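As written, the chain order gives the labels A, B, C, D, E and F, with residue 1 at the start of each chain.
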Amino acid sequence: MEVLQQIWTGSGLYQITGDQLAMLGVCLLMLYLGIVKKFEPLLLVTIGFGGLLSNIPGVEIATGDGLLHLAYVMGIETGAFPLIIFMGVGALTDFGPLLANPKTLFLGAAAQFGIFATLLGALGLTELGIMDFSLREAAAIGIIGGADGPTAIYVAGQLAPHLLGAIAVAAYSYMALVPIIQPPIMKLLTTEAERRIEMVQLREVTKAERIIFPLVLLLLVALLLPSAAPLLGMLCFGNLMRECGVVDRLSDTTQNSLINIVTIFLGLAVGSKLRAEQFLDWSTLSILLLGMVAFAIGTASGLLMGKLLNKLSKTPINPLIGAAGVSAVPMAARVANKVGLEANPQNILLMHAMGPNVAGVIGSAVAAGIMIMVAS
Amino acid sequence: MEVLQQIWTGSGLYQITGDQLAMLGVCLLMLYLGIVKKFEPLLLVTIGFGGLLSNIPGVEIATGDGLLHLAYVMGIETGAFPLIIFMGVGALTDFGPLLANPKTLFLGAAAQFGIFATLLGALGLTELGIMDFSLREAAAIGIIGGADGPTAIYVAGQLAPHLLGAIAVAAYSYMALVPIIQPPIMKLLTTEAERRIEMVQLREVTKAERIIFPLVLLLLVALLLPSAAPLLGMLCFGNLMRECGVVDRLSDTTQNSLINIVTIFLGLAVGSKLRAEQFLDWSTLSILLLGMVAFAIGTASGLLMGKLLNKLSKTPINPLIGAAGVSAVPMAARVANKVGLEANPQNILLMHAMGPNVAGVIGSAVAAGIMIMVAS
Amino acid sequence: MEVLQQIWTGSGLYQITGDQLAMLGVCLLMLYLGIVKKFEPLLLVTIGFGGLLSNIPGVEIATGDGLLHLAYVMGIETGAFPLIIFMGVGALTDFGPLLANPKTLFLGAAAQFGIFATLLGALGLTELGIMDFSLREAAAIGIIGGADGPTAIYVAGQLAPHLLGAIAVAAYSYMALVPIIQPPIMKLLTTEAERRIEMVQLREVTKAERIIFPLVLLLLVALLLPSAAPLLGMLCFGNLMRECGVVDRLSDTTQNSLINIVTIFLGLAVGSKLRAEQFLDWSTLSILLLGMVAFAIGTASGLLMGKLLNKLSKTPINPLIGAAGVSAVPMAARVANKVGLEANPQNILLMHAMGPNVAGVIGSAVAAGIMIMVAS
Amino acid sequence: METSLLDQGVTLMIVGMGTVFVFLAMLVLAMLTMSAIAIRFSSEASGDGASDEEVAAISAAIAQHRKR
Amino acid sequence: METSLLDQGVTLMIVGMGTVFVFLAMLVLAMLTMSAIAIRFSSEASGDGASDEEVAAISAAIAQHRKR
Amino acid sequence: METSLLDQGVTLMIVGMGTVFVFLAMLVLAMLTMSAIAIRFSSEASGDGASDEEVAAISAAIAQHRKR
């Protein structure tokens, strides 16, 4: 019977390749990490499921007119989804701790060293003939070190769309692994005495400062680095809606329905780049390795800047909060708090670590702006 | 005065055709059924109003660059709207009763006979020279028997977009008429004794089973019938978000804002296919007739399978719950419960009927996959 | 170093023009009015911020593939955003006061005189050689007098997209300035005795009337003026969802998530038309002037019709409520109430003013329909 | 003969205001008719021989019920 | 030889209903297997030698917990 | 002479980290200036001769009010 033949040749059992099976396994692992281990579940569950759908053989869902491919074309290629997420992040972010202690911005700056060191690493692998990355690709890989999902997706979508799947998976995986990656480095680079340092309580921040801050940041971006304006502009817009107090209904929708809807389709769209033929590649493996290096270097440079700042500052600064400068909001700040508590049970660093934590978001958006301007 | 002339020739009174008047009447009837009779109001109100707008003469709203036509092109032609609705249905569906009693899946399978019998009926009318349906058109008409709105819209959009208006109206109308169509058939095909059968209480289902179920279903689809993967994949994704417990904010948005927004535009877009020149046609009449037949046959085959299962099963099975296998969630399950209560006031069948009811959703999505693979 | 050179020539400090600086100032002023003065904050904050982003030199955000330009192309050029906002307005509007006292519709009709007088004014400036407006442009400018944001944006997007920025800014600015513009005119054209008039309490309106009203309005539009059908059709649809009582979940989403999401992107998209090279132009200045005139004339003609109606009507009518006929919902109704209270502290006009207020929305949509039909 | 732009404007103003008034006048008529029917129908539905007070009471009750 | 449209329909009906039944039958098998493993795993996780009553109690407790 | 890829990378690293630091340093300056003005302005707005304690109290009150 022809029809039975057609069903059989159309079936997954007939068409599936070993690579696709492997990718189904990888995606199930991502779902396991998201659901059971609770690692960045909002993204690992959506990306993982998108990856499952994309590796079903013989069905047009992550290609052509399929829903996931449409989401990719309309949301990621245009940059719309990461920018809207950034608006939502702005609406969810309290810049109060940063306003109370602006010098923690330097911690967020230092931690971006991971980005550029990784870029250099990727180019080094190319120089050695092990890999073959262009400057654009190396820049996109480096941004994993920014430890900020939407920034990584935005930059990869602009500079190296064919690597977006690997870069997004690496970024979210390492952000999830922050509680495992960071503590050993923190203990290696700080003394017990440094970890015990208690910090003075943050001052209260006025409403006016909160409202003016996103405008000041935007104007600085406009004057100094316009290529960072899309990312930081949307962040500032979201934050202005949050703080200005007169558009609470817009701010609420941005923090809830809108960011949730976009997260769902962003995750599925990123998942559509996990197709076996694109993802199973040596470059993916090296991206995962380089991403790990990026995180470690970013953490280390944040800590070292923390030690320096502690020496220079009049008020004591616990170097641990420098590790939060990599972003990975709010996980990195929680890790800094936890390691601080281990050394000194009276030491509540959480709010102090939120300053460098959000500074890291700004820092990596600035780095992204430079990458996009120079590499494109 | 030229301008007055222009206003007069531009007015509805000047331009309107009898067909358009008739369609305005049909659409007002749909609104009446939705609002006063409360028949599937979410869809009849939106489709009915979309139909009103589409039959206003001389205005570009359901054609060209009009909003309703844009919604149709972007949401229905691409399949995006029915797939997103299916994701929402997944997020709203509790598969617990099915997991507690998996053999009710056979009831959901049997009830799909209505689909294929109707397909055959449409081809028979063609053979007899009464109508002129192609295999693709017959398949799209048959899916009305699936008693599942988004599945019908998805299949019609893929296989026979010019019949989409009639098919959607038929599907939702008969789903609304379930409490009128099904009881006579149920009483005809079952004995009083059968209707009195009480069923044993369903076992509790663990959280792990609930989480793994959508993944098992997706993998089975991937291996056996990839052409059903878009529909069932989105259903599984929505259900996984619901059950996994770590992305509740995404699940909540999917169940509320997202499904509501898409329902509004889906309804308006379907309504844009109710334009008089497309809708008032003999094929519409025969689609309405065939759709009615499809429902009746689906109900009957579900009931007969219920009787068979009751004979074969160790624990008693009330054949009435077989009628719920047509889907029409949750109306068909409520009808089974009501007819059961009439025969035996202690007989609460509702949860037992939810199993075949959701099985019917899976069953018709599988049938849709076969149709799409074979007929396209 | 080449790279430093590239960063410097890419910076805002190097590229910014005096015009762009001026526009940044204008946008900051809009934010100030929205946030500190609370003038129409939902629109002034979003449009103002969109304007800031659009005037950052050397970055593609309000042009090309930028997010704001995409929002403009997809949402404003197609008319989708203003139509969806109108649906939301319908879902938020209580037509009860109008149903209780239908003759207040005449107040909403009279106040539209501001629209046509302004159109004539724009053509007069052209005749005098001061400006050079076409009929389409004059019609788009006139609609500012409708005092209804989405209507103005919809008409401008259809008839004169290059003036949209100025028209939207004028419309929202003057709507915000209603409490300043209207009272002097109200006091000039009414006597103290007229302002003291108390009106009889409005009768209760049945649920049936509320449900049937949007359908009656839609059918009248269909028969008399189809070119107003997109705007009024969506208004009626939103209102039917609100009143019919069977689709509350759709109505709630329309009134909240959906209208909020669209407001955000509408505001940003309108802001993208505030680029210095488009906005800083003599035509903008004359549009701002003409808009002010439109508001004043609309207010005056509403008041005069109020005086006439008071003479003709059996029950007393306070002419102040005629000023609310310009729309600017609900600000104009509140202003009428406030001025009434000043003359007579027992005089609660608010509900009586809501009738002409929503009548003004219908009236300006009708005027918009005529403009679009005749001028395009 | 070409009509001047200003003439077109005057025509548009007269026709436009005329249409607005005609449209809204017909809407007033339609609403009065509709309300009369709806209230009549409501009162009939609520039993034979409903007095005016009953109509008012029902209207009030419905309005009350609406305030959910 | 060309197959008639009706013949195609009959074939599609037989194959279609067959596929639906085969698919759902395999789903029944997969669900039974999965549930057996999931329940076994739950019971093992909850301590050695869990009795049937314990399994039932745990299931009920989990279900209770789900009703948030 | 063509610059090698690695040289480009080194340049980008130096320039990039430099820009990040310069940008954030200027942001620190801007924030300190802005805060000084904002706090001064708040204290002036709250009456003449507001003492430091008053400023602190107002700040706390505003913060309290923010916790809606």
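One rule holds in what follows: contacts are C-beta pairs under 8 Å (C-beta built on N, C-alpha and C of every residue); 3 or more make two chains touch, one makes a residue touch a chain.
Treat the numbers as computed from the prediction; the structure is a model and nothing was measured.
*Asks:* Give the chains in contact with both chain A and chain D, ordered by label.
*Replies:* B, C
*Asks:* What's the overlap between the neighbours of chain A and those of chain E?
*Replies:* Correct list: B.
*Asks:* Using only Cα atoms to place each chain's centre, name the chain farthest from chain A.
*Replies:* D
*Asks:* Among the chain pairs B-D, A-E or C-D, which one reproduces the interface of A-F, with more than half of its contact pairs identical by residue number?
*Replies:* Repeated interface of A-F: C-D.
*Asks:* Decide which interface, B-D or A-F, involves more C-beta pairs in contact, and give its chain pair.
*Replies:* A-F
*Asks:* Between chain B and chain A, is it the same set of residue numbers doing the touching on each side, over half shared, or a different set?
*Replies:* At the contact between chain A and chain B, which are copies of one sequence, the residues are largely different (under half shared).
*Asks:* So the centre of each chain is just the mean of its C-alpha atoms; given that, what is the distance between chain C and chain E in Å?
*Replies:* Spacing between the chain centres: roughly 57 Å.
*Asks:* Report the inter-chain centroid distance for chain B and chain C in whole angstrom, where each centroid is the mean of the CA atoms.
*Replies:* Chain centroid spacing, chain B to chain C, equals 41 Å.
*Asks:* How far is the middle of chain B from the middle of chain E, if each middle is the mean of its Cα atoms, in Å?
*Replies:* 23
*Asks:* Whole-Å distance, chain E centre to chain F centre, using C-alpha means?
*Replies:* Averaging C-alpha atoms per chain gives centres 58 Å apart.
*Asks:* Taking each residue of chain E in turn, which ones touch at least two of the other chains?
*Replies:* If we look for residues of chain E contacting two or more partner chains, we find 12, 15, 19.
*Asks:* Among all residues of chain B, which ones touch two or more of the remaining chains?
*Replies:* Answer for chain B, listing residues that touch two or more other chains: 3, 7, 224-225, 256-257, 370, 374.
*Asks:* According to the definition already given, which pairs of chains are in contact?
*Replies:* A-B, A-C, A-E, A-F, B-C, B-D, B-E, C-D, C-F
*Asks:* Give every residue of chain C touching chain A within the complex, in rising order.
*Replies:* Listed in rising order, the residues of chain C that touch chain A are 3, 6-7, 10-13, 15-16, 24, 28, 31, 34-35, 38, 41-42, 45-46, 49, 52-53, 55-59, 61, 65-67, 70, 256-257, 260-261, 263-264, 268.
*Asks:* Would you pull the chain C residues touching chain D in the complex into a rising list?
*Replies:* 98-99, 102-103, 105-106, 108-109, 112-113, 115-117, 119-120, 123-124, 126-127, 134-135, 138-139, 203-209, 212-213, 216-217, 220, 224-225, 359, 362-363, 366-367, 370-371, 374-375
*Asks:* Flag every residue of chain C that touches chain B in the complex, lowest number first.
*Replies:* 78-80, 83-84, 211, 215, 218-219, 221-227, 229-230, 233-234, 236-237, 240-241, 244-247, 249-250, 252-254, 256-258, 370, 373-374
*Asks:* Mind pulling up the chain F residues that touch chain A in the complex?
*Replies:* 4-6, 8-10, 12-13, 15-17, 19-28, 30-32, 34-35, 38-39, 41-42, 56, 58-60, 62-63, 66
*Asks:* Quick check: in the complex, which residue numbers of chain B touch chain D?
*Replies:* 1, 3-4, 7
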